[in-house]
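Both complexes below contain chain A, partnered by chain B and then by chain C.
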Partner chain A sequence: MSDFFELKNIEKYFGDHHVVKDVSFQVKRGEVFSLLGPSGCGKTTILRIAGGFEDPNGGKIFLDGVDITDKSPNKRKINTVFQNYALFPHMTVEDNIAFGPRTAGLEESQVQKKVAEMLKIIRLENLGDRRPDTISGGQKQRVAIARALINNPKLLLLDEPLAALDLKLRQYMLLELDRIHDEVGTTFIYVTHDQGEAMSLSDRIAVMNNGRIEQIGTPAEIYENPHTKFVASFIGDTNFFDGRITEKIDGEYCKVDMFGLGEFPAYNEHKLPAGADITISIRPEKFRVFDKKPENENLNMFEAQIIDIVYQGAQTRYWVKAKEHRINLVTQHNRCYLDYKQPTWNDKIWVAWHRDDVMTLPNANPH
Partner chain B sequence: MNTMNHKSDKKLPELLSTAPSYLWLFVFFLLPSLLVFAIAFKSADSSGGISDSWTLSTISNVLRQDYIIVLWRTIWVSVVVTALCLLLSIPVAYWIAQQPKKYRYWYLLLIIIPLWTNFLIRIFAWRTLLHPEGFLRTALLWLGVIPDDMFLLNNMGAVITVTVYTCLPFAILPIFAAAEKFNFALLEAARDLGASRFKAFYAIFLPGIKRGILTAILVVFIPAMGSYAIPDLVGGVDGELLGNKIALRASANRNLPEAAALAAMLSIIITVPVLAFMLKHKRLLRNIISIRRSAGDSTK
Partner chain C sequence: MTFAVMIFMYLPIAVLIAQSFNSSRYGGRWKGFSLKWYEALFRDSSVINATLNTLVVALVATLVSTVIGTSAAWALNRYKSRLQTSHYGLVYAPLVVPDVLMGISMLLMFVSFKVELGLTTVILAHITFCLSFVAFTVLARLQDFDFTILQAAQDLGAGPWRILWKILLPLLGPGIAAGAMMAFTLSMDDFVVTFFVGGPGSTTLPVKVYSMMKHGPPAIINALSVVFMAFTFTVAILGQIFTRKKF
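Right after this comes the complex of A and B.
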């Protein structure tokens, strides 16, 4: 797997508005690479720059070693699946899919063959002669993918492809996308604001905020080891605590003062020095709940009182109060682990976590 | 029985409320049209009136060669005018539709405002402009763009220019209405799939605004066929169209039957294909009505 698509120091302004700020990343051949971020973070603009629909104000774009920064969209071996599909309404499904190869001047018999192949891949063999307005949203989505993929692009750009679909269909199309990707092996760049989509589909994710990439990593890296407060809060749920590093224990760990809750050892990911003000992030599912103080010296713990319980079927979410902190935590209820009675409102409980499950994040933004 | 009563109960108010407009159309549109068709089967008497007896001679007289030449000229002038209007209005509509929403209607207003000036005054303005001693010809001569013996007024060129000028807003409006609803992301999709700008324009944009183009064709072609004032004022001898012949026969020559026969011929030539077309595309009819009204047309 080699880097074969690269954005280098891309800048983009709309008027005075600086929407893309020094964005660089590399995508490997065959990879599903997601740009994830809230709306307005610049991810769609980056996709449009990659597709050739916007000119960057600075920076370069390379595809397979070739600088394509100044090439127009029709001259790039890149195809796009647009947000609202953008199927041509006056053409049948077949003609939509055939648009690319026909424009390229491919012989009609070849076009027919390729279209039939694509219809088979997207499993819509029976709908070839239908118009886009007579098929469902999920079907349109698949036609849009086929229309792009038939051109054998080196890179497929997908702009929030599932945003217009309802939840059930979205989950189904996610599996379909995964299957299609496995089948054709094309490199995907996938833009979404939905962390669930990004996590389940991507090999790597770039989390964007306010025109910048905050972190690039595999879904697990991004979830388990976020580099910034924004990434920690945007991907999954978390609890933030203000804190300060009181001393470094060794190269890996440090002691943190969690203002009022006590001093605890924690993993020092960013090698922050003693005395640094930090934000401590602990995910709800990393906490464990005990009815009495656990006798396990490897655990950090404090006492808390339950203020709210939300039963969510597969799990239960508790809101607990410890000193001035409101903390949310999640427990799976597996019957075999229930060696104590389920806690209820106003119960005093002990909340414990392992020092490796603490994320210590620098307060100062690296940018 | 009961349901029948119920139905007729509802029918009566509907009938009463629509009756005035039907009556209006019958008295002032259908009846006069039928009269024109009827008079075409009469002949003129020496005093400029209409004879009592029925005849086919007026009709066959109208089919003689010099009329057919004028008819043919009217058709090709109208076709050229329509084509030029489309050629000019499609890019304009394409451009306006892509402007920020807050500016779009100002641009449209700029197109519509001239229509609020009286039609005849605008044509006289063109006469001044195209006059042999006028600004335009003097300027073009000075620039050496046109030869000394070329005149801009009193020829077919003047008729086409001025007719295109008058009809252009009516072509822009329906095409703009269609272009405004057009999803411009489709052009990006086409470009993405390898189409050049030009290919995306004709393979995706033009089919996408088809309805607007068809409306524009009708709104321009039909009035152009019946054009009378423009060729009369800027057309000279060579610029005469069928409308002028009809006017001449009806007023100067006092030959009402022949004028009626010519008018009948013109309306059949226009109505039959257009009606057939409209029955297929019923929405077009509504478009045309609303567009001419919304522009505050002072032409007719």
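Right after this comes the complex of A and C.
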């Protein structure tokens, strides 16, 4: 594994709009790297810059150590799977897939062999002679992937490839994409606004907001240790509390005042100084629920009242009130739900969490 | 009702065709089957000349208006600018301006610029109205054309020429051909504009038919009209076939 695709300080303006702001990242060979963010965050623009369809206003692009910033799309060993598939409507599935190799001037017998191989990989052996308008969305998607992969690109760019499919098909295609990636081993850059897709497919994710990358990390790092409030709220559910660091306990921990709820020890990921105003984020599943005050000095806790319960089978979601805060928490049912007495509406309960499960986020945007 | 309309529209044509084979000089009573009017027609050098003129005008006008009209459609579809509204209006105008007005205005223009009336002025006039028809036929095709497939082709390694031959022409070709066919039939049929801007030696078939009505033996006109009609129909049907071919 080596860094073999790199964007360095990429800038892009559309008129007065600064849509990509100083974006840099490296992708390792064979990796699935996702650009995740809300619509309009600049992720598709970055993909189009990588593919050569937009020129950056600043910055450099390297592929395998070679500067490709000024190369046109047909001169890059990069292929793209477009969001709307962009299949050639006047050609059969086979001719669509064969377009790249034929353009490259490959011998026809070789082309046929490679097309047959690709059809097998995407499991559409029987549809080779069909026109794109006679096959389904999921099938078109696979043809688009095959048409790109047949060229043995060093890098495959996928622009929201599942956005146009319905939920069932999306889940199936996600597994298919994973299988195809395992089979061909090509490096993928995957653009999506769907955190579920990004989490299940990616080796690493870059979370984007407003033209910038807020954080790059593995799905677990992004979820468990978000660096900004935006990342914490965009990936998964969470509870935010306003607070302030009252004192540092040692190098790793500090005491935080969660306004109205009291003072608690918390992990100080960003080494913020005493006196700093912060946002505290605690995920719903990190809370534990007790019917009476637990005897465990390693836990932080406060008393709360249940205002709503949603039983979801594998888990139960509670909405509780503590002072002026409304808090969302989730308990897993590791044992049979009916065998135990469960808290009910308006019950007083104790909500507890571990100091390591608190995310202390700087209020001021680092940018 | 439909039947009545059909009779109303096609009976005169049927009568015309029948009369062209009638050996009677002035029509009316049937005096027996004869091809003599067709013989006379093909011996008349002025008719041959008019046919050639018509073909030259139609071919040149079609060629030029197809190129300009297609470019205009492309420009109308691809570029966004404040000038586009007026561009659209300018291309659209010839479709709605009455032929008589167009004929008079062009005649005035040619005269004031001291351009000698002849085949050139007829061709220029025909290009003017034909290109609007081409532009709107092609524009309709462009409106449901997915332009990302051009990026896809580029992404797959194709240069501009390969994109033109393998993607653009196969997909837009039928639309352009349909526009060209339309231009060809319109140019061939045009009487009013040609009548105004034509000069000595630029007589086309429709104008010839008109002048023969006044001077020549009417039976020859019948034969001429039938030949002319057969030709126009062939082109129109070819055009239909091209337009129907859809991806």
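By definition in this document, the second predicted complex is superposed on the first by the 362 of 367 C-alpha atoms of A that agree within 3 Å, B and C clash if a C-alpha of one lies under 4 Å from a C-alpha of the other, contacts with A are read in each partner's own complex, and residues count from 1 in each chain.
As a working rule, a contact is a pair of C-beta atoms (placed from the backbone, for glycine too) under 8 Å apart; a residue touches a chain by one contact, two chains touch by 3 or more.
What you are looking at is a predicted structure, and each value in this text was computed from that prediction instead of being measured.
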item	value
Room on chain A for both chain B and chain C (clash or fit)	clash
Which superposed partner A:N151 touches (first chain B, second chain C, both, neither)	both
Which superposed partner A:S72 touches (first chain B, second chain C, both, neither)	both
Contacts of A:P89 with chain B and chain C, given as first, second, both or neither	both
Partner chain(s) touched by A:N126 [first = chain B, second = chain C, both, neither]	neither
Partner chain(s) touched by A:T80 [first = chain B, second = chain C, both, neither]	both
Touching both chain C and chain B, counted on chain A across the two superposed complexes	51, 53, 72-74, 78-80, 82, 84, 86-90, 99-100, 103-104, 147-148, 151
Chain C - residues contacting chain A, complex	146, 148-149, 151-159, 162, 166-167, 170-171, 247
Of all residues in chain B, those that touch chain A in their complex	183, 185-186, 188-196, 199, 204, 207-208, 210
Complex contacts: residues of chain A adjacent to chain B	51-53, 72-74, 78-80, 82, 84, 86-90, 99-100, 103-104, 147-148, 151
Touch list for chain A against partner chain C, complex	51, 53, 72-74, 78-80, 82, 84, 86-90, 99-100, 103-104, 147-148, 151
